[in-house]
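Next, two complexes with chain A in common: one pairs it with chain B, the other with chain C.
The block that comes next holds the complex of A and B.
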């Protein structure tokens, strides 16, 4: 009886796998096919490299991608070393998850309002401190060199790496390492660099490569904060792909971007090997050091700046959405209005509803698919394919989606809502599986054995024992899937053929031209949805924990 | 085996879901036939989506059209309609002559010229619309950037390049292209949107018109003229202008709306608009201070008419005609002319309207912020081919 109840499992798991692998194959080979569809791949490559726009776009991409990723690592190390175990660390652990949940586009809109010469920060200090009655002209946001984009990426990606490190540090017993270091006479900073970081890095290396790939290939944030003339390579490619005459060029460029990501990733691994040698030598030289206190304060300051900048860029959004008049140098709006919410309700509602629809369906389908896969894997029906799940996060979206779009156009399904849903699911599933996998695999099998002994079938065991025990990770995975869906810009744009308007597409399309107050309403909504999803997940877990403790009592 | 049953049900459902194929109307079908066929259709209107007010206006139009005619209007928000022209061009080349994704599009100028040249327009529907008889008889309605319209697109609104300044900071703004250069060289704050955004392209045409030695050449196709010779003064001017701009000629606003925001922020002193009433609408909604005024250069500024067109492979021709006709109705045109909603000048002839419709227009209060009526003449658009030629030269020179 037990075996019959779930004998469909391998079949369904196979369906999940093919729904995941098909776009991957279709995307990559579709892009390669499109690149060669003109006069062959060789001609396409020649054409790409003779295009005068390539060089500047490539330089800008390397600059923004490498500098932002380097800063993310550097800041993360500074934050870990200086703040771990302090009050600042506890503040970070509370403040960073919401920053992680909020989509890049919404944060980018806020950052622009913050950092512009007429932005919020300067408004606080003008004119009483700066003497500016009018905004200065020394810089612009976005700027031509790409610094605005770098800052945006650093503010958004540093929390990601810090939290990934925090999750790993729990199993590394940092306090013990620091104690040992202190006993041997090493300063805390040296204990970190000699005892903790070398063990931490291998565990977060892949997360860093995901960040690196993202920073090199990001589209929405690069449209909102990056320079336009030239734009980054990814943004230029998206411009090219909107014109059928230059789609071949776009796909060739997308392959180049994928290769660029791979090359930079390999360089990172080489630098890592090199640093490993240096660090090993330094570990053995036995030098002790001291003088950490002032550096520590400095490091905590850096941590606070990143955190506060991120939070301010979120706080400024509701303010602008309620402002009627807010001119430089006023620190606060001089007149308030609900107009941007009330009068625009009609045009906000549609994209909000479809955003919610995609988010809910994505969360449900991705969690169900993730559970099916992990169940099949647990029962030995499917192999572990952990590396494959990372592929959508490592391959630039352009390289996958251009090919997927070709296939969609060819089969006439472009623009349909389920295709967009499929793409959202495809990008959410890896996170869901990676979140669920460890708890799924670590769950004590004796629970299920006990249930089976008591006569519970497979489904009953799954439903009454496994899922309740794993409710926390499941809720967390659903919240992450929803927020991944809410943030999807390029898949919605390309596969939706402009017909599936979500908050993400409306927000990015409004770049530069749309009234700042209206941009803010969209950005508020876009950040609110993931925040609500996370609050719901946390609240639900809290309620369950309380119920469990009551039961125990 | 059981697996196959749901599959068969699915296939059956898909087959029956295919809409019944209706007999297609022609551009000259009777209006009753058009209305009948249009009922129940969905019209995908591809129109620039960069302005909230315009988007809200189209939301209103969609509600009215649904209620009056049972036609569903969907606004596909486009950044640059040239992208859609390119997509249609590809569909044409691929022989996709029906079930197109675009039913109606907002165009004029070089994009209309490209559509007409590529034989990508449905037919002479514009003169068949009942409300076409109300349209003002003006050259820019008959000739779109010197290209004969031939009923292939239906007029929607008028436009003129205008400048907006804040009297509180710049009480005496520059009144010609050369005064503008002097203004920025003395520290005045200005920037124009990067071509091919149409505010930017129009700014190039404006400067070219003022500075070139050969204005007659602009009325003819660009390749008939000595391009380098005609445009040399323009590039000389821009070479001097750019280092003084906001962003030093290295970063550019995306469109005219962005310059309006910068004017309110104080990052520039003069904003560009293609709508003589935009400042009036902006002041009312709190986007600009009450001290702004709208003006044009002393010699006048470039103006034109914008249209809606139906592609040859549109899926809902009848619905698109109903929408085009509604957009020309006195009701829709007077609301559009009101800065409260949009403030886009009408294409209707007041003398053709009945008293109540005329009242609707006359009761519109433009306020002191709009371009005063009768100030500054309208300069003709250069031939449609100039836009592309100027844009590509600009991109090569300033944004390689």
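The block that comes next holds the complex of A and C.
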């Protein structure tokens, strides 16, 4: 007979679901309520559409969001087709996860340091190739048309989609399909487009929609890399919400941004349906196409550029934080110093400790909550709600957080540390559940049956059998939760009401008013925490594997 | 008459002992050459080398020619060497007809459709064109898989244990179907099971590293050494 010790599980799982769904409801309805709280929703909409700042902000948002998302898909396809199964692919699989862990704001600062007229890339080629012995004035970063933001989003989000595809490719038996396709006379590119991509896309569609929603509604990267006049819609709304007199306008704009994201997503689905018809017809025409080795090399070059740009944007940060003297066009600093670290130690200590505190607590609470939910689901006490977990990632943060902020102000809890922790947990939990879900569901139930026949109860089986067997995904989920927490800018800013300073809020607040060296110290610290979390997870898994092999020997 | 000639093939994995050493043989059109041997003796490696799908890092030398034209230096898709594997690998996002159309080389739209319907009819699968491959039985899937390969008009056909996943009742039926469909081609069959070998086929029994232990012509009454 099975143990009854887990009878409280459904209740705790319901608590987890409530803590997750409450902010969703509060956020969405709070934003709608605030939008209509003045002279009514219609008047608010009229006011929003008569504001001359809306049009340029909307155009810029559509341009940066749609162009960057399109490039992310295009580059992902090029990388898959040209690099899969090669050494470049193996290098990508090793290099991209750490890049994914680094917060957007830190990457954005690094990219600005790379692309600026006095940036690292131009320094490498000056003056011997470009002839520049001082920074050119032909462009600025951020630029007025939004290309810096597009590049930043592409470098940050392409690894996300590539890794999501890589995870799915394992179950598609790619090598066999390509082998069959090629022995039937199709070139590698056509084998991919006809045999792999039509099966891969439905599996990563939701991930792409998350990227699309993020690119259209991002705030921290848009502040750091996007133009200021006009800013993107999300950035403009955050400026509006900080003034109580324009909060109604901000909430109305947040609803508009949510509708915009939904409309673009629907357009993507329509384009997908259209392309699906075209692709099906092309699959039947029997045309084989030619393989071009040079195109494959070019594609691998693109993959390497994305990877190297991402890595360089991280490497340049510590360089600037340690540079005493770094004149253009020198490729390296001519004098080094620790002064920037020492001088700023006092002011960065509190945000660092606060960031670590939120990250550790978020990781622990999100992993515990994720395990509780998946256990309740596994035992048939809770339904599978996979699509719901994606909602915080699909709904723009402005549309959720403006409403959540209203509720927090109304109940007098705005600015409390636990409210910020709740927000971090809310945004980390979906990643934790999605990472743990497949391993948790697929673990062979006979392990638990074997433990039960040896007399182990529910909790003992969970603690001694299930958790150790799933230690790898649990460690990975904890590291991801910590890195999601470290990256949270808008939730910390709005719900913390300026009283909860973290590295993310300090870094973004420094834009425009802080020198490169100070920005880079903050960005290094912000990148370091998630990288350490990942290194710890990898080291721990390695240690467990080594211990297991010693035990077997 | 199409002839596949393989001369002095050597294949080695990165930093490992050779999997095939100095292997040579030839197969004429209408002839079935059967390669038998224990696991790891290089049978599948030979097929991978012939189709140009060796894993990255493997080194190889030797030549393969079809009618005197060298093919081992061509891209996989240009060799015209058809392959049927143990698993049928019918593409799950395509109907039965679309799987066959995928194999069929270019031609007019109506003509293409007509050809695949005719071949399905001939294979005892009339009315199956718009079916989802997942709804077919193992034997039906095996027939569609072979038809798809033959639609691509290969010059040579390689069969990698194509009957091993079928139940005993269907196996003989699919064997007969396979030999009838591929009667005009040079066929290389890799198998563990002597029952798969058709009468009159030439059998190469190989040991480790593709070394030929013995060869002979198979007849149901008993194989005779050459």
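Heads up, the rule we're going with is that the second predicted complex is superposed on the first by the 548 of 553 C-alpha atoms of A that agree within 3 Å, B and C clash if a C-alpha of one lies under 4 Å from a C-alpha of the other, contacts with A are read in each partner's own complex, and residues count from 1 in each chain.
Everything below uses one rule, namely that a contact is a pair of C-beta atoms (placed from the backbone, for glycine too) under 8 Å apart; a residue touches a chain by one contact, two chains touch by 3 or more.
Quick caveat: nothing in here was measured; it's all calculated off a predicted structure.
Student: Put chain B and chain C onto chain A via the superposition and say whether they clash or fit.
Tutor: Here chain B and chain C can both sit on chain A without a clash.
Student: What is the contact status of A:176 with respect to chain B (first) and chain C (second): first, second, both, or neither?
Tutor: second
Student: Identify the partner contact of A:416: answer first if only chain B is touched, second if only chain C is, both if each is, neither if none is.
Tutor: neither
Student: State whether A:70 touches chain B only (first), chain C only (second), both chains, or neither.
Tutor: neither
Student: Which holds for A:439: it touches chain B only (first), chain C only (second), both, or neither?
Tutor: Neither partner.
Student: Going by the contact rule set out at the top, does A:284 touch chain B (first), chain C (second), both, or neither?
Tutor: second
Student: Could you tell me if A:168 is touching chain B, chain C, both of them or neither one (first, second, both, neither)?
Tutor: It touches nothing on chain B or chain C.
Student: Answer with first, second, both or neither: which of chain B and chain C does A:137 touch in the superposed model?
Tutor: After superposing on A, A:137 lies in contact with chain B but is clear of chain C.
Student: To make sure I follow: the centres are taken over C-alpha atoms, the vertex is chain A, the ends are chain B and chain C. What is that angle to the nearest 10 degrees?
Tutor: Taking chain A as the apex, chain B and chain C sit 160 degrees apart.
Student: Look at A:513 in the shared chain and tell me whether it touches chain B only, chain C only, both, or neither; answer first, second, both or neither.
Tutor: Touch status of A:513: first partner only.
Student: Tell me which partner touches more residues of chain A in the superposed arrangement, chain B or chain C.
Tutor: Comparing touch counts on chain A for chain B and chain C gives B.
Student: Between chain B and chain C, what minimal C-alpha to C-alpha distance in angstrom results from the superposition?
Tutor: Least C-alpha distance: 47 Å.
Student: Considering only the contact definition stated at the top, list the common interface residues of chain A for chain B and chain C.
Tutor: No residue of chain A touches both chain B and chain C.
Student: Would you pull the chain A residues touching chain C in the complex into a rising list?
Tutor: Where chain A meets chain C, its residues are 85-87, 173, 176-177, 179-188, 191, 194-195, 198-199, 280, 283-288, 291.
Student: Taking the complex as given, what residues does chain A use to touch chain B?
Tutor: Residue list for chain A touching chain B: 52-53, 56, 116-118, 134-135, 137, 140, 142-144, 227-230, 242-245, 323-325, 327-328, 335, 337, 339, 343-344, 346-347, 415, 497-499, 501, 506, 509-516, 518.
Student: Residues of chain C touching chain A in their complex?
Tutor: 51-53, 56, 75-83, 85, 87, 89, 91-94, 98, 101-107, 109, 112, 148-149, 152, 154
Student: Where on chain B is chain A touching in the complex?
Tutor: 44, 46, 49-52, 55-56, 59, 74, 76-79, 83, 86-87, 89-90, 101, 169, 189, 194, 246-248, 250-258, 261, 264-267, 285-287, 289, 398-400
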